[in-house]
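Presented below are the structures under discussion, each in the form of structure tokens.
Below are two complexes that have subunit A in common, paired first with subunit B and then with subunit C.
So, the complex of A and B:
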């Protein structure tokens, strides 16, 4: 079995199962936790909790004007690489082919040049984010293994994807194997570290928004 | 009568030195040699004597032999084949049965230590090789007997090189490639299902001209033909670079001749000369005919999933496996939540008990 066979075979197979099983485990574990019963009377006049949940999911994506002067750099960097990752994943021709083979869903991919540009930008921003985390005195104190592992495991697929698209060294098969393995590593880590925010963020914000609505504090 | 040299034979067939030189130039280019080597090849070819070749077969479909016999009609290449003394080839030779077997032994004895042993087909090694036998002897026994006195072994086709289709799971005959069995002889693998006939010609010319086998890669394939991937030489490569892919075999992209990567083409991971030498005298090759490369020159190509799954994809789990994983995750999460609820309930009861006790003491 070659490295590529391993990557496209057992590594991909088990990493997808670990990703899905792990995420369901984490989510169900949180959703079925005992909630403290709120005995206070709901404050009237506001919106329904379900609308509060939905509106907060989106409103929290926007920066707060009050803190913008302090969070602008971090916020911009965050936007840049999150949007970049989304464009690469849903716009890259090879990724669209993977999604099609897995789900049957397909759409027109973005031109290779645009993906190359976005990939370069995303990689650069992710490196800046990593350096910032290493250099910033407060961020450095707050960071643990999970933060660095999550960041490195996000950077690696972008880097290997760029190397693969450019066929920079070695054989196509080797570069493809390394790229797929880097993605499988990301998928295996995702449910168990801070990368789980890709799913948890919606539930967390939703619960918060519903609570705000009950207290009459949601917009 | 003294044995004639190839140059004399060619002259008898009215092949001029000029034609020989042209052929040698083409061969030098095909072998990725410097153009100046063409003259040396022509010179050495003219001086060479007929090379004895003994061709035996394992578990094969005769496709390799078919393609090589159709390498070209009466061209100089086929004449070169004429000047190889093909001393044994069970399909092509007139003799059969014990007469053929006797011919094989006589040829091997007469050219002891000097003949090239060509073999197509894989070897059955399970249960002593009983699944493929000729004249009461297994292919394994025949190979071992004649490999010992061969100068080198040419493993022709993917089956001989790596086991090929007979080795496909579940491999009931224990099929294996030649180098899995023979370790003490120079081996040249010429994989392909079937292999490109000109590659075999090139290897023979190299051997006749320079008295040695061509440079090989780590899989013992001639570097000149297997040094790059089909993808790198493919005329559709510019479309890959532009991100223009056919999505189905009958869409506009397919009609425009766009890249077949998304339709499962294995060209990017297959090393062979199909895109440069092509087939049927340079007429076409599978990708030019509108079908992706199957990767037939690579080991275990039959067991690497669907021919129509893009290399970007893989053998991920099916929906049933995903449902099972989700169920397992749900069970684990629910169990964790129930454990947390019980723990919480126990704490609440403890607090309540403490509160009541405190309240009773105060009254």
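So, the complex of A and C:
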């Protein structure tokens, strides 16, 4: 078995299994806690909490204007690398091919030049995010192993993807194997650390939105 | 005016019911109290943080001091660590790999000033969090833990919380004392008082700050209710809504205060319970009381500003117009946290006041700095004064001479800060403004 066979085979298989199993376990441990019925008379009854949950999931994508001037730098960096990662994953030709083989769904990939540009930008922004986390007093204080591990494990697939696309060193097979392994590492860590915000972001915003809508409070 | 120094102070000594127990038992009691009322929502909040640090930018204590320790989510850090280690979905894994070390009493002690002195539980951070974490709710739960670990700041939040638990009133005001006080106020202000009537449609409650510092507000309450012509009565068996226990983290005391008021209102078959100009007492009675007593309340709970707005709207309360420019300081718990920010504006509009909104006002208002029991912690004064600088800038920007409030905690903090920094602004109560400007109405006697 070559390294590429390992990456495409057992590594990918087990990492997907750990990703799904880990997320299901973590979500179950939270969502199946005893639920206490809220007996307070709501200000916004009926479907208001449901509407509040759904609307907050979307509205929290943008900060309230009162906060924007204080959070612009962090906010812009966040948008930049999240959008960058999305464009690479759903727009890169190789990724489109993988998605097609796995799901049957297919669309026209973005031109290679654009993906290269976005990849370079995303990588640069992620490095800035890492440096900022090391330098900013608040971020430095808050940061733990999970924060740095999650960031490094996100940077790796972007970096290996760039190296792969440029066929920079070694054989294509080796570069592809390294790239796939970097993705499997990301998937294995995702359910255990803060990368799980990929699912918890919906639950967090939804829970707050529902609670606050019930009270008629500002969301 | 100069900005005061706000060096964070360590806890001076411990106040504890569990003080006689060993450190480990106290930590365990604290952690149990923290997670005991955890449902899916609180657990989701614990899991969702990405450590982006944006909550710091919504907190007046961080904004005014630049000290990263005041980052709101950092304030619950030891509890987060304990949750991951003991109660989270991967607790076993975290323990096995040593990823979440055991929390010590000393660590909790070091966090005391973060959880109490530098958090107004104002919930501004809950509005900035991109993950939607209600950090103020988690701080409230963390305070449950701190209380059970015997780590409430003793001077003098802990001391008066203890009094509230044992007597039902943080200032040990007895039923008879309250009754006499009301009768004296009635006589002094020339207003008819209704006390302990067997049946009353409307039951007003008071804040002990009103009894101690703003007795005119109780006369104003009586005058306004008499004007509206509703059947009403103060109840000496359930009057003090202050609920210092809530901000101290004492759930038993919190429940006792609530149960007394609920029982009193039920006893006289009240249809409406009016909460005084006080923030946390409103959130407790409006959102927590039914859950505390385990049943839906058979009466409505309204903040006095909501009741005034409702009576103006239905025509039972008529007011004269005042020609005055003013601004309004939204109490966090009533406006931002409970969705009642429209009510005081409707009242001021009916009065014809020239309301000048503060920058970042309304639901985004900055806390006065005294909320969440911070006004009751002696050693927090320098930090509180520091946070107060934002409030002064906000009010200055409106150009108004008078700040109206509908929370006696805000009123006390604004008056105190005003005196300290020789501020030329007048602080007034919304209820008293209405009471002073009641229109003469002719009632048709049956």
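Here are some notes:
By our rule, the second predicted complex is superposed on the first by the 211 of 219 C-alpha atoms of A that agree within 3 Å, B and C clash if a C-alpha of one lies under 4 Å from a C-alpha of the other, contacts with A are read in each partner's own complex, and residues count from 1 in each chain.
Everything that follows uses one rule, which is that a contact is a pair of C-beta atoms (placed from the backbone, for glycine too) under 8 Å apart; a residue touches a chain by one contact, two chains touch by 3 or more.
Computed from a predicted model, the values in this text were never measured in an experiment.
Judged by the touch definition given at the top, the superposed model places A:111 against subunit B, while subunit C stays out of reach.
By the touch criterion defined above, A:137 lies against subunit C but remains apart from subunit B after alignment on the C-alpha atoms of chain A. In the superposition on chain A, contact of A:82 is made with neither subunit B nor subunit C.
Residue contacts after overlaying the shared chain place A:16 against subunit B, while subunit C stays out of touching range. In the overlay built on the shared chain, the residue A:205 is in contact with subunit C alone; subunit B does not reach it. Shared-chain residue A:33: touches subunit B and subunit C both. Once the two complexes are overlaid on the shared chain, A:25 sits against subunit B and subunit C alike. Put subunit B and subunit C next to each other and count what each touches on subunit A; the higher total goes to C.
Of the two partner chains placed by the overlay, only subunit C lies in contact with A:63; subunit B stays clear of it. By the touch criterion defined above, A:101 reaches subunit B but does not reach subunit C.
In the superposition on chain A, the residues of subunit A touched by subunit B in one structure and by subunit C in the other are 25-34.
Residues of subunit B that touch subunit A in their complex: 229, 231, 241-243, 245, 247, 261-262, 268-269, 299-300, 304-305, 309-317, 321-322, 325-326, 328-330, 332-334, 336-338, 340-341, 344-345. Every residue of subunit C that touches subunit A in the complex is listed here, in rising order: 37-41, 43-45, 47-54, 56-58, 62-63, 66, 68-69, 71, 73-74, 88-90, 93, 99, 126-134, 286-291, 294-297, 300-301, 335-341, 360, 363-364. Across the interface of their complex, subunit C is touched by residues 25-36, 38-41, 43-44, 56, 60-61, 63-64, 66-67, 70-71, 74-75, 78, 136-145, 147, 192, 194, 196-197, 200-201, 203-209, 211-212, 215-219 of subunit A.
Within the complex, the subunit A residues that touch subunit B are 2, 4-5, 7-9, 12-13, 16-18, 20-34, 93-95, 97-98, 101-102, 106, 109, 111-113, 115, 171-173, 176, 180.
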